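The following blocks contain the structures, represented as structure tokens.
Heads up, the next two complexes both have chain A, just with different partners, chain B and then chain C.
Let's turn to the complex of A and B:
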């Protein structure tokens, strides 16, 4: 197990090197020299980051600075780490929204999915089906605009203050997590229906096992594919957060990342790409480890 | 006897206590503070309502806190609150539109000024006891530092175009409270203090020597008071404005707090400003700003014309008299322009040749349907513009338009000029090609992505140009990127709003060859004779700028400025488009003493010190 994790981390590092190279190549692909572009760089910056050096030298210097958690200088002269993460405690608010959304979306999606599977084709199932189809068809940016308008009309308070507002956390969760809930719910429902019709469940029933014991075994097996989904779920969550950040003007990492693209701010874009790469790879590793813990039949070999 | 002494002591104590409570003998005030005249307090004095916060939403972050390098309105909006100017335009001479009608000056940060009888010297008498916002005394050394070491220092390249021609002025401190500005050659009766010096001083903030001297010595002044310094050490940004910087969170908000050493008082002697805080929140979207204002989260806003009807409805629904809250000017300001600026120095040699061809620029001007832009983008709230914006007393724009033929919309004339240059649609695809290379006449038109009206204007212009066979690819990008690309000469054409009007000296930075904002032809910064880079009319423009700066006869200066406008309009270096009326709204249910004409681009409030909260 430890060997497996270490190997995965080693592959992750290789993958991150590749991602960092691609990220840096993207910023170099912008027309003109970076020095023409950002006129705020001082001579010291030029020396530190090798801005007047060839591409590979610049990349090498950036990589070596990364090891010191120095991600470069943004177009407004601030350190990239401040622009993307620390200024206004963006990392903290991003973390709150991620955790809250996951705590909300996963249990709710799984619970509704289980109910739909147990009472298949019932009125409850049909309502859940209607909501899920509607939810999938409704883009989250439209939902965000719609909810903003309702809040403004209803309470006279538009949720667009350019600050993290705890009273609107439910709104952020709803917009970011709605698509996830539906997706989790549909997967859970179909997985559980499949599992409940398998031979071992039929045998358990024939032997007279109680329904809740059957359900316990069934749910455990039905949940495995969802754990695999987790790795891909986290990047999807970030997409939703970009939409919510743009519409509600929430000062979080995702909005800073979006602004960096609008500002064509090279080092912030590269660092953002690298950061989201790390999140994706870490999410996949976490999903695999959870799967390992949940299903004793799964064994990883290196 | 002991009782008498005790009684006397108690009496002294009571007097001191009362004096302290009244606040009128505050040691934070200079001994001769400036009294804001009563007629400016439109809703009465607000000393009973002191405190509270005013919230204004800004479109974008400031790019710097260094006044000499603040090239755009988002920086101006903040800096105007942090700094006082040496002189001020007398407020009774501000027009209904909030712009100077007559340029008559009165003391600002200083207590008085006097021009010597031989007209060779200008004496500035300082307010004794005046302090910067950090409590450091402001003395003649600070004025000398600002003028001699910074704005008249040719080594410092910033927004100082209006000081050009005055570099040889002698500035010296005489004691702690007197500064004398002298002409370089006092024996020459021809060289006298030009009245334009007063205009410059009315636009000149006082920089603190104790904070910035080292940066000037080190040659790092242009980097001083940058974004990093403001967010990490806000106490280092020091000025003489009604507010001082309390905190700055980039991309989120700027908190300004009351300057406890402010030098203005109300007619009752109470120190201004009334407000405790000014919260400038960065809200980059038109719609979000509108919703926040409508719900009372911000108190002042510039209104996009198409939102006016919605806002009226929302305010009426809340029981607010919209006709009182929303101000629609009868006519547009004469200062400021919306313009399409071709880069005469663009990298593409074919395009560069075209942009330098006066006939091509005239053809673009003929092709621009200004009335359609006014109707569709501004819903009628704008006026056509074909010359640089100036204060009303100098502006001859409307008369000029009757003479300047290419201000009218005439596609036939535009096509005739393009044919004359030799641009023909050879392959019949609707786009003209260059005769030599066969390359399409196409360019990128940059426009700020954050606002609807500029994008609308750019799209209309592109459609107009398409009708005469020219392809303009409208590229909406973030305003910050536009500023970067324009300052580094990496653009083909850009749509910008040009402010900085008023006294003709202030447009020198845009239209003078060596101005910091002379963006249409940056490589032109050379003195002397016409060359490949410098056309005869540009030389003439520079000459007039020099002459008017030193001209002491108002009539003669007026003639020079009229000539300047004529030359610029005739040579159409940029395609002036329209000037929109600055529709503004404020929450009169929440704030008092504010009137909309006093709102400039974004949130440059001219009278923030007298505003108070009603609630």
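Let's turn to the complex of A and C:
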């Protein structure tokens, strides 16, 4: 178990090295050198980051600075960590939004899925399926556009503005989480329907166990495939956050990342890509560990 | 509580099956219509966009003119007529019914080159008025530049759909080659291909897409290049999960008896992969190709919507919706949201068609 985790972490570090290389290769692929894009670097900065040296030396210097949590200097003279994370508490808003979305999407999706599976083909199930069929075809940016239109017509307040508005948190959650909710709900429903027709559930019923005990067995087994999909949902959330940042203009990490491309800010671009890669890999690791906790049948070798 | 619900009533099931069938047929019809639209957009729309773009010719085209679909008049002075007419558009965008312009089918209008070959000026419908006349028909209204939205939606649909078809084709070509190599040969080939797919799958798709478009835009500039950049970038980013799924399918089929038999008869690996394995997973391939089209459409639309996809003068549904990104603009000119509807129904139709094909071909998983 510990060996398995250590091996996974080692593997993850290898992956991150590769991703950081790809990220750095992307900014080096911009025509000219980094100095052509940012003119405010002092002699000292040029020396620290090896900006006048060949690609591999620059990459090595950037990596070694990464270990000191120094991600480089952005176009406006501030450190990249400030532009991407700390300035205006961007990391905090990103964290709030992502946590709120997860806390909302997972319980809701699972609960609707369970209810739909239990009362299969009921009116409730039909409504849930109907909404999910339409929801899948509605990309989150369309949802965001329509919701902001309705809000502006109804209330006269545009949900945009260069600030995080707590009263619109539900809007962000809905836009970012709708795809996840629907997908979780559908998976939960079909998994639970499959599980409820298995032999051990029939045996449990034959023994005369009460329904909620049976449900406990059923749900624990039906939820496993979902947990392994946790890692899969993170890119979806990330895409949703980019869209929400672009439409509602919320000051979060994703918006700073989008702006970096507009400003042609090399270090911010590379750091952003690396950061999202870290989140994705960490999410995958977390999903595997959670699965291990929930399903004792799974034994990872090592 | 749950016990009763396991029993499935028989009669509604048959009804549902029938309704599902009709919905599948409806979605197949939508897909067919879409294909006609992407083949003939300039013919169906009353104007041609590419001709006007960058030309100095004066056109009577008010900015933000509301949709005229509700302003087709069937009641004239002589009573009901089967030839509807539109009223002249005043300078303020309001209609001025002192001048009436009937609508004709198969009318001559703007010149355009169909598929870049046939030069013609035939349009499906229109008023046939010269371009400086106020008797224009903007069925879905006009946008900020006074461009006909219907024309833009049809041309945007061509971009969006053709991109997604090409990308899915390339993805499947790559996915089939790499997936079947990896699944059939196993060992080190499998190891290498799997590691590469893992790297691709651990970089967030959208971030990689934006970065690659960003880099490509430095080196290649131009209208057609913009299109192929998006095609290339989307295919580059999306092949990995597909290759992995195909590998799984190949692995499942590889140990079947007919593959063993073919091997025993001395068939070559290429023969086995193409004639036995791929043919047996063809149902899966068809279904997942259909289901991956809407994914590519969504990805392309999001990319164009946030400004890193299709650029002017090309357009896609996503880039058209970019104009509707400001609440004030949509509130005053809500018809700018119209491109959302073809986008929604296209995704819906492909999803539904994929599900129906899955049922019909009895594909598992």
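Everything below uses one rule, namely that the second predicted complex is superposed on the first by the 302 of 302 C-alpha atoms of A that agree within 3 Å, B and C clash if a C-alpha of one lies under 4 Å from a C-alpha of the other, contacts with A are read in each partner's own complex, and residues count from 1 in each chain.
In this section, a residue touches a chain if its C-beta (ideal position, glycine included) is under 8 Å from a C-beta of that chain, and two chains touch if they have at least 3 such contacts.
Source: prediction; values computed, not measured.
Visitor: If you tally the residues of chain A touched by each partner, is the higher count for chain B or for chain C?
Guide: Looking at chain A, the partner in contact with more of its residues is C.
Visitor: Once the structures are superposed on A, label A:78 by its partner contacts, choosing first (chain B), second (chain C), both or neither.
Guide: The answer is first: A:78 touches chain B but not chain C.
Visitor: Of the partners chain B and chain C, which touch A:134 in the superposed model: first, second, both, neither?
Guide: A:134: touches chain C, not chain B.
Visitor: Applying the touch criterion given at the start, work out whether A:200 contacts chain B, chain C, both or neither, answering first, second, both or neither.
Guide: neither
Visitor: So, A:158: does it touch chain B (first), chain C (second), both, or neither?
Guide: After superposing on A, A:158 lies in contact with both chain B and chain C.
Visitor: First (chain B), second (chain C), both or neither: which does A:256 touch?
Guide: A:256: touches chain B, not chain C.
Visitor: A:87 contacts which: chain B (first), chain C (second), both, neither?
Guide: Only chain B is touched by A:87; chain C is not.
Visitor: Per the definitions at the top, what is the overlap between the chain A residues touching chain B and those touching chain C?
Guide: Overlap of chain B and chain C footprints on chain A: residues 31, 148, 152, 158, 160.
Visitor: Name, in rising order, each residue of chain A that touches chain C in their complex.
Guide: Residue positions touching the partner: 15, 18-19, 22-23, 26, 29-31, 118-122, 133-134, 136-139, 141-142, 145-146, 148-149, 151-153, 158-160, 196-197, 205, 211, 214-215, 234-235, 238-239, 242-243, 246-247, 257-258, 261, 269, 272-273, 276-277, 280-281, 284.
Visitor: Contact residues on chain B for chain A in the complex?
Guide: 61, 63, 223, 226-228, 231, 249-253, 281-285, 288, 291-292, 294-297, 449, 477-478, 480-481, 484, 487-488, 490
Visitor: Where on chain C is chain A touching in the complex?
Guide: Interface residues on chain C, with respect to chain A: 1-3, 5-6, 8-9, 12, 198-199, 202-208, 210-212, 214-215, 218-219, 294, 298, 301-302, 305-308, 318, 321, 324-328, 330-331, 334, 337, 340, 343-345, 347-348, 351-352.
Visitor: Tell me, which parts of chain A touch chain B in their complex?
Guide: 31-32, 36-40, 42, 75-78, 82-83, 87-88, 148, 152, 156-158, 160-163, 249, 251, 255-256, 259, 262-264
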